[in-house]
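As written, the chain order gives the labels A, B, C and D, with residue 1 at the start of each chain.
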């Protein structure tokens, strides 16, 4: 049973189609993320759930009741705003109490509920401070407490961590997760940061150009992306484009990627010789060795030269040129790999991956290549 | 020979010590990053290099010349501002031309130089647009072109990517790297994002509370952090606190971490029995297996129960409870590991790491634990 | 650094000296000088001007002045609020146009505008004729020379002064706070009352001061469109100036009024 | 949605109608009516009022009016700019105090302030005596009743109107742009000229209009502190009103002035 449901929602601002026929079902108690780049329509959807925007067409249901035209104050949802939107003329305690005052609760009840929230978000000592006197992370906690104190059916979070430093963001994300476990209410979480969405969500809807590209668990979205946008936006990947040469078995085929590269592809749908294919291959699925690895069934082997390497501490990314292909491989740093010596720029290396690790995309758009982190030597054409 | 040098710089704003006796040397042609949390003094240092702030004491040298008191317009450095600070009343071309106009160059020279820059940052088609008509990423490129066109001796970058979405940030970082390779001038890069700093820098100075905590290459900073702040701020880590039991060899000791845990520690300085030690152990250095691994020299083995797991797509983080210790292990997802079946919450697992992968800290501060991404079950003490 | 700071605040200090301290002191100075027959001030000191304050009609006139000033201020704020709101929420292009509209009333001579009102409200004027034909007012009713006429024309004249500071405050107000308030269960009206009005408090205060204070000294409007029943303290000051040519008495009345208004402010400041 | 939008813009439209269209039309209407001896307007239509425009002194008076208005505006802007800058850069607490200082001059009756200036500048007044003693001016020199006196008192009176819009614009100006300009090699002065002034363009325009336009209709200041040589068009309008009690002629002069000023604006708008 879906708890919060968007049905065929459309919304335009002038000529701009912000949301284009979106249908979504969110289960009770889930953390559901809307993930996508700026302007993909994720915030507009959230604002329609809150009641700040009206859809041009379509319906929104909460717990089975049509709330499409209900004003914001009558919806049992509360929002954590991106810029927090705390009331500057009230202190921390008064900000948290605002919703309860509006609901005309008694003073004793308000005081005890606000105290409970101050404990939950660990702000007891900041209770009487002005909003301008507390830090960004504390503001964020006040915003969460101010929304949760009303015991909403759904908590809407609009990029709640975007304004914070990386380390603080990681920490508050963990706290948010803990709060969700504690209060158990449904979260609708809007973000452009895939690692945020991956680590907190039960379900993710990836959006682009006002449309839902794919809905699934973090694992499904990452491992089986439907199209090139999802594959490139969630993490990094390599795109391999080619043509089917011939089918080997029921679920594997041989595909020609380039004049001199042929690879084994695992296919989840029947392929015929001559069919064009687009493959997504995650960098961490590629193993990189300095010596030639033994052949193995269902395994692709290529040799190439390292053109670029970026060190990230816990891992290094290598860009390996194999004739016309340039593949990115991610190597985690640990002492248990067979070779101790790290490869360098210009080294000849071998790369290999299992056929099943390349995932066949349902659709491909060359524009999405721009989402990949690829050092481009072509960027600068002219020398000064 | 140092090209840009800060010597014993101090600066206070009222009672707040923004920069506290900082000495830094930056080589010509380097990308040098100042990395630290908000308020650590990194931006104040950059603003002093640009000439917007004067140090209370200390000197700044550029190419051997004392520029401490030189006004901004007379310094051969240019700045890319965090909010871009583009002139809204000028179009893209006029913004880029501003510095050359101030230097009273001829119109023909200005036109050709601006055209060159427009090509460099790939904005030829946006040349005549107003600043309000272009996207965030394009504004960022204009800001870089506007600074570079003056051929500064040092380019100062103040969190140049902080206002952008994650994917765009990754892409522009790669472009920035390519631009640095192309123009070859010195970059002073200020950021709070360690992965940004790691991937672009030749040298990093990690700052906290107005002081430099450590200076080194990304590799040095990550693999041999001097203190607990550096270890926790750069990437994630596990802190192990204990006492030396006895020395095994010249460079290894046995240390008691807990009543029932004893580990082998590699030490770069002589340790005596009874010495307190603080160890940093990176999550990716820990190998996690479901079956008991064979013993090996210089290797630590522990068994524990998985208490938490967060899926990040390319890897998963597991938090393993080994009696009083809780250790985080990062496991990359690939098909070449020995065991195919991923461990789950509640499973009993074995973890192991090489003694040399645990790094002995010179100093430790319990506050820095708050920088770690650790799911805390103690966060919520009260149930509603 | 200190020198530069001083140099930066110097224009403001000069402003304070020339535009506040000097005229205020001068008025108190003049109030204690004797008047000369040619309208100037004589040598030496005198308490003669203080006699002007002893006029038996003054308590009633002062009460009326305060009342008309208060009502004008309240109505100006009430009308200006939705205008300032609309301007602040308009897109930048419309903001420019609306600002121009607020400025445009300055463009016609103030006197002419007051006379235009006189023509509109005249017993044989367009409006009176219309209202009489519609039998909305008595055929003997006077639209002119009433206290309410002074009110109407005063509101008309001071509205731009109320709108400008309210607009400046509303412009800086973060309207997403209203979304937040409604999200938390406040109706539109409660959100405005509990979040918008406190948010533009400084603008409201400035607008109130900018209307109330010059209203206290207003004399042209009551003189031209008001009757005997709507005489204000400003008229008394003007009479001493122009008719009696007794500057010290005018200064004394003005000084007394200034003190009467400033005193509560100064006291409130001390207390807070 | 459309209805709500209309409702939101309604106050502004009403404002436009009541405060701009009605008085402007009325003035043009009155300009074509005959005058009555009791100061009202008669029935029917008449071109008599147009005769007022044929006065042979008018070209010189209009030229003088434009010149004094222009110089006052320019000097007001010059003085107001550093004040607005200081206010915008001050910390919030100081901002409040400085804003109060700008508002405070309203607190004393306008007439009294002008008379105070008259006392300061009087031939036997404090300033003239001092200057004569210091032999900075001739013993026969007159500080009062000069065109420059009108200028001085006008600047004094209109400065707050120039400061407020400049402050509002400077407040919204992003001062980090000046850092950027200096970083790119501009001196302090060039940064201000090439980045700050274009950045507050709208504020400058508003300030100029708010000073220039009422200056064109100014009549009390030239009447009280100016001599025969500093008569402005506003005095002519006031004379027709008060002395000749000929409202249509006053309206005609005012309408002609409005047209003369509005026309270039309207043309510029058409062209752009």
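Definition applied: contacts are C-beta pairs under 8 Å (C-beta built on N, C-alpha and C of every residue); 3 or more make two chains touch, one makes a residue touch a chain.
Just so you know, these numbers come straight off a predicted model, no measurement behind them.
For the pair chain A and chain C, there is no chain touching both partners. Rounded to a whole number, the gap between the C-alpha centres of chain B and chain D is 58 angstrom.
Between chain C and chain D, the centres computed from C-alpha atoms are 18 Å apart. Chain A and chain D, compared by their mean Cα positions, are separated by 59 Å. Between chain A and chain B the centroid-to-centroid distance comes to 23 Å (mean Cα coordinates, whole Å).
If touching chains are joined by edges, the resulting network of the protein chains shown is one closed cycle, each chain touching exactly two neighbours. Contacts between chains, counted with the stated touch criterion, involve the pairs A-B, A-C, B-D, C-D. Per the touch definition, chain D reaches chain B in the complex via residues 174, 176-177, 179-188, 190, 195, 198-199, 201. Taken in their complex, chain C has these residues touching chain D: 8-9, 11-12, 15-16, 18-20, 23-24, 26-27, 30, 40-41, 79, 82-83, 86-87, 89, 96, 98-99, 101-113, 115-116, 119-120, 122, 124, 156, 159, 164-165, 168, 171-172, 202, 206, 209-210, 213-214, 217, 219, 234, 237-238, 241, 247, 250-251, 254, 257-258, 261-262. By the touch criterion stated above, chain B contacts chain D in their complex at residues 50-52, 71-73, 77-79, 81, 83, 85-89, 98-99, 102-103, 146-147, 150. Every residue of chain B that touches chain A in the complex is listed here, in rising order: 37-38, 116, 119-120, 122, 136, 165-168, 170-171, 173-175, 177-179, 182-183, 192-195, 198-199, 218-219, 222, 233-236, 282-285, 287, 310-315, 330, 332-336, 353-354, 356-357, 370-371, 373-377, 379-384.
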